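Have a look at the structure that comes next, please.
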Amino acid sequence: MNGNIYQPVEMRIERAKDEAPEVRTLRLAFAHAPDREAFFRRYRVGMFGLYGVPGEGESTFCVASPPGRDYIECTFRRAGRVTAALLDREVGHPVTFRGPYGNHFPIESWRGKDLLFVAGGIGLPPLRSVIWNILDRRAEFGRVAVVYGARTVADLVYKDELAGWAGRSDVELVTTVDPGGETPDWKGRVGFVPTVLKEMPAAAPGAAALVCGPPIMIRLSLPVLSGLGFRPTAIYSTLENRMKCGVGKCGRCNVGGVYVCKDGPVFTLEEIQRLPQADL
Amino acid sequence: MKSLSADRLQDLAAALSAAGYRVVAPVEADGVVRFAPWSPGAAIRTDAVPVNSLKDVFFPPSEAIGRWRRSGDGFDAIETRPEAPKTAALAARPCDVAALAMLDAVFNWDFRDSFYDARRAATVVAALACSEADEECFCTSVGGRPDAAPGADALLRPADGGRTLIVEPLTDQGRDLAAAASGVLQDGAAAPDAPPEVRRRFDIGRVGAWLAGNFDSPLWKELSLPCLGCAACAYACPACHCFDIQDESGPNGVVRLRNWDACGLGLFTLHASGHNPRPDQASRWRQRVMHKLAYAPERFKVAACTGCGRCGRVCPRGMSLADTAERIAAAAAPAAGPAAGVPA
Amino acid sequence: MSPTPSLREDAARLLREGRVKLVIGYRAHAGGGQGPAVPEGACRAPLAGGGGRRPAFIEEAHRAGELVFDGACSQNLAAYLKKPEVRARMPLAIVASEAVGRSLVSLAAESQFAQGALLALAFRGERYEGVKEVEELAALAREAAPEPRRDPDIGRRLAELAAWPAQRRAEWWSARFSRCTRCYACRAACPGCYCQRCVTERNVPQWVSTAALGHGNYAWNMIRAFHQAGRCTLCGACASACPQGLPLMLLNTFLAAQAAEQFDVEAGLDPAAKPLIGTWDPEDDNSFFT
Amino acid sequence: MSQAGAPRITAFVCNWCTYAGADLAGTSRLQYAPEVRIVKLPCTGRISPLFILKAFEGGADAVLVSGCHPGDCHYTSGNYHARRRWGLLRKLLDLTGIDSRRLQFSWISAAEGQKFADLINDLTAKVREAGPFAGANPARKRLAPAPEEAQGPRRES
């Protein structure tokens, strides 16, 4: 039991899909079956991993795909050295992975309950794993509504999946783009997420809301969610602090008494509000 | 009672070296006393607090934690093991030994860090009780004392006015060490010297109470103004343990290194997007103080400060954790008693 | 007569009249005293504690009485001009020893603060010279040091090094650089190291390894010194700040001497000086080219 | 071709003069030592001290920096700027153990193919005489990614 906890496993890029400008989804297959089994034994939606290219480093993103697949997916935007290196890798190339790390959404406690997903831009990936996890077990949950917005139509990620969800009768999907971001053939809404969110039905008893996106969107959405009847203990989000180790050692993600990599990344609004200097 | 003439510490080191230990001790090079590998002939300095701490033995400034060989478009991982030779750390100060509780906790609280653990397991720590304290020392303010080193494997206690060191084994490893050095140890009584007086600078309880409610205090800005944002304090600190992970490549392969890092450096929390949740030195200095005296006690039940005073000794601007804690304790004072000016 | 009363009066007046928002100076450390004698080699940056002197940041006239000045005020306060928190309080005044004064002149030459944004409460030795604009500070500096001042001891050590074979020099420096922990106290303490993002923190590509290992430490110490060539005023702040006691002043003095010898440049004397690196002369030394 | 003990020489050259000179040496079929690796930059003004340090870090036995003669810079003054930097840098590196046998500077025009070939031959001979730098190089990266890499033959890359 004295292995190197910083040693990643080898993955192979199975598919690469450009979602939006400089935003790509990689589907990664485990090079070795025991690594895959170990991963899926522990993986629950909300957890994150460190994706790497030896020589460039590792970068932290959520796992954007649900359990029950034989691969994992991540969606990221070009930001620094590691994401640039990941974007350079092609299908068939190996990359490295460590994880899953962190806590997860309390999905079992939501059985029979309504769920409202609120996402902006590149904030959809952390919720996408939850949405698919729910859809995989659709009958166990109540109503599922998704409000998703981006600055422009081009910035919407998972466009194919959005089309798929729009066509389902058991998912209520509202997509919106910021004013000025629409295209002539845009069929969705025009307006900011918090504005569109106001039109959603009030929370049913036990309903949970999951919010992920730019800080300003989250900040403005919270009062709207309160207005809809969601209590701070029923609103969930994920924190994206900078991390290096992912395993509660390097100190980078420490905020207040919390190590985001261990105690998070999933927090309720109530927990986030107790953190000092939370970015909300 | 086993003891050793104080001027025979080098002989003790030599005996341990002959017994297969790598000896690490305070030795001087170029006018600076550092905790470093001892080599025959080097004087072991017990009169000066080394500029670096015992931490370096277990958690070096840079070490490899991963290796790959390139092959085509891919990489072959090469197993990377810690370098952990059998080591004796001699004459570590009680404050340095006390910090091991913090390091042990963070490197093992969930995932176990095999690099740290291997060296911890391979190292026997023989502490040296202090016979002097300077104005930066404040172990007694954070629950420590200069003449006891819980967590050490053995204690060298000055006696007979500094002429003798009593060797007190505290663990089996310490007894092994004493056995390995039996040739240079003598039997007989010695009178332990009185420990030095280490001034109590602040009430840790009062500081903790203030920290709990003053995250947004304007005092942070004031306290942090002299700070220039380097990592001298953190790297000298026996309990600071933050690190960075960086890859270094060559034509044939890659080494992944873990390098020390510090919350006082502006880039520590800078996101690739350009956003920085700790955008100024006030928030960074607050993080350092909070982490040591509030977050670590809350999470690990141990303060990440043992009062060694190195931060005050190395800071280019003469700042120190003790000064900050003193200021905080003073700020907390009015609230501790009946609030002044408030009608009963 | 002690200079302190007039220093305090000037500082209070500048604040009261609203000419500056902040005065940066020195105060006595509350803990006070020199403490017990420190054994040779003990953990202590030589000037860090500064004989019980600490930086003081005074924003209210009534606090000007905290200011002190004497020979123990050795920290180079010009380094604070790097801090955004300090820059936000311009115009400001700085208590300027000769060393601080030269740093300020050098920073003025590099356009690091706007005209009128900074006044100096200038000292020559321990004699108070009054409130000075940068040009007057430069005149003081030229008057105080008509000839370049170099530490003769450092000169001797450099001559000794120069006489060694290259391999011995490499080994000698490697042994010293091996102690560098990359705490960047040298950079932090230096008024001239004001890049918002230091070259060692640029990682695309990573030119300077951040590892505290031989190659990273060599590259870092070379680049730090080289970036100061022709700019360093030899105040010694970097060397005083170095917890490991690295002989940084050997590098700085060597480069300052080279700058003087090759290009007739002496930093910190002329606020209108053109930067050494960044300008050129067709007559520059060409002898090392084949 | 690479052989054990062959000196590794990195040459940073400008695009307009020295690279063209090297090209001329090639098209003129002049023989010169093959150990030099040429890195072409737009101008000597672009050759940062960091490049030179990086070359030594990576194990160069010597570094050559070469560009247009003074007055001939394609960008008017790039080589003048560079000359000033190197006047200081080479002294600093010399002080710390990288002496002038390991770091050389030259001006070679597009017409000077013969000068380029001669220089490379001369430099190579000098570096051979000085011997491998590895042991004494203060800038050298001494991290072995693979344990066997340290002893293994250098790979052509």
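Quick notes
In order of appearance the chains are A, B, C and D, and numbering begins at 1 in each one.
Heads up, the rule we're going with is that a residue touches a chain if its C-beta (ideal position, glycine included) is under 8 Å from a C-beta of that chain, and two chains touch if they have at least 3 such contacts.
From a predicted model like this one, the values you see are computed outputs, not experimental measurements.
Shared contact partners of chain A and chain D, listed by label, are B, C. Mean C-alpha position of chain B lies 30 Å from that of chain C. Put simply, the C-alpha centre of chain C and that of chain D have 35 angstrom between them.
A separation of 45 Å divides the Cα centre of chain B from that of chain D.
Computed centre separation for the pair chain A/chain B is 39 angstrom, with centres defined by C-alpha atoms. Touching of two or more other chains is recorded for residues 206, 209, 213 of chain C.
For chain A, the set of residues that touch two or more other chains comprises 80.
Under the contact definition stated at the top, the residues of chain D that touch 2 or more other chains are 141, 143.
If you draw each protein chain as a dot and join the dots that touch, the picture is not a line, a loop, a star, or fully joined; it has some other shape.
According to the touch criterion at the top of this document, the contacting chain pairs are A-B, A-C, B-C, B-D, C-D.
Residues 29-31, 33, 35-36, 38-45, 48-50, 53-55, 57, 75, 79-80, 82-86, 175-176, 179, 181-185, 187-189, 197, 201, 206, 209-213, 216, 237, 240-241, 243-245, 247 of chain C are the ones touching chain B in the complex. In the complex of the two chains, the chain C residues touching chain A come out as 203-204, 206. Residues 1-8, 10, 54-59, 79-80, 83, 90, 92-94, 96, 241-242, 244-245, 247-252, 254-257, 259, 262, 276-277, 279 of chain A touch chain B in their complex.
Listing the residues of chain B that touch chain A in their complex gives 65-66, 68, 73-75, 77, 79-81, 106-107, 109-115, 117-118, 215-216, 241-247, 249, 254, 256, 258, 261, 263, 268-273, 275, 277-278, 283, 287, 290-291, 294-295, 298-299. Chain D makes touch with chain B in their complex at residues 58, 141, 143-147, 149, 155, 157.
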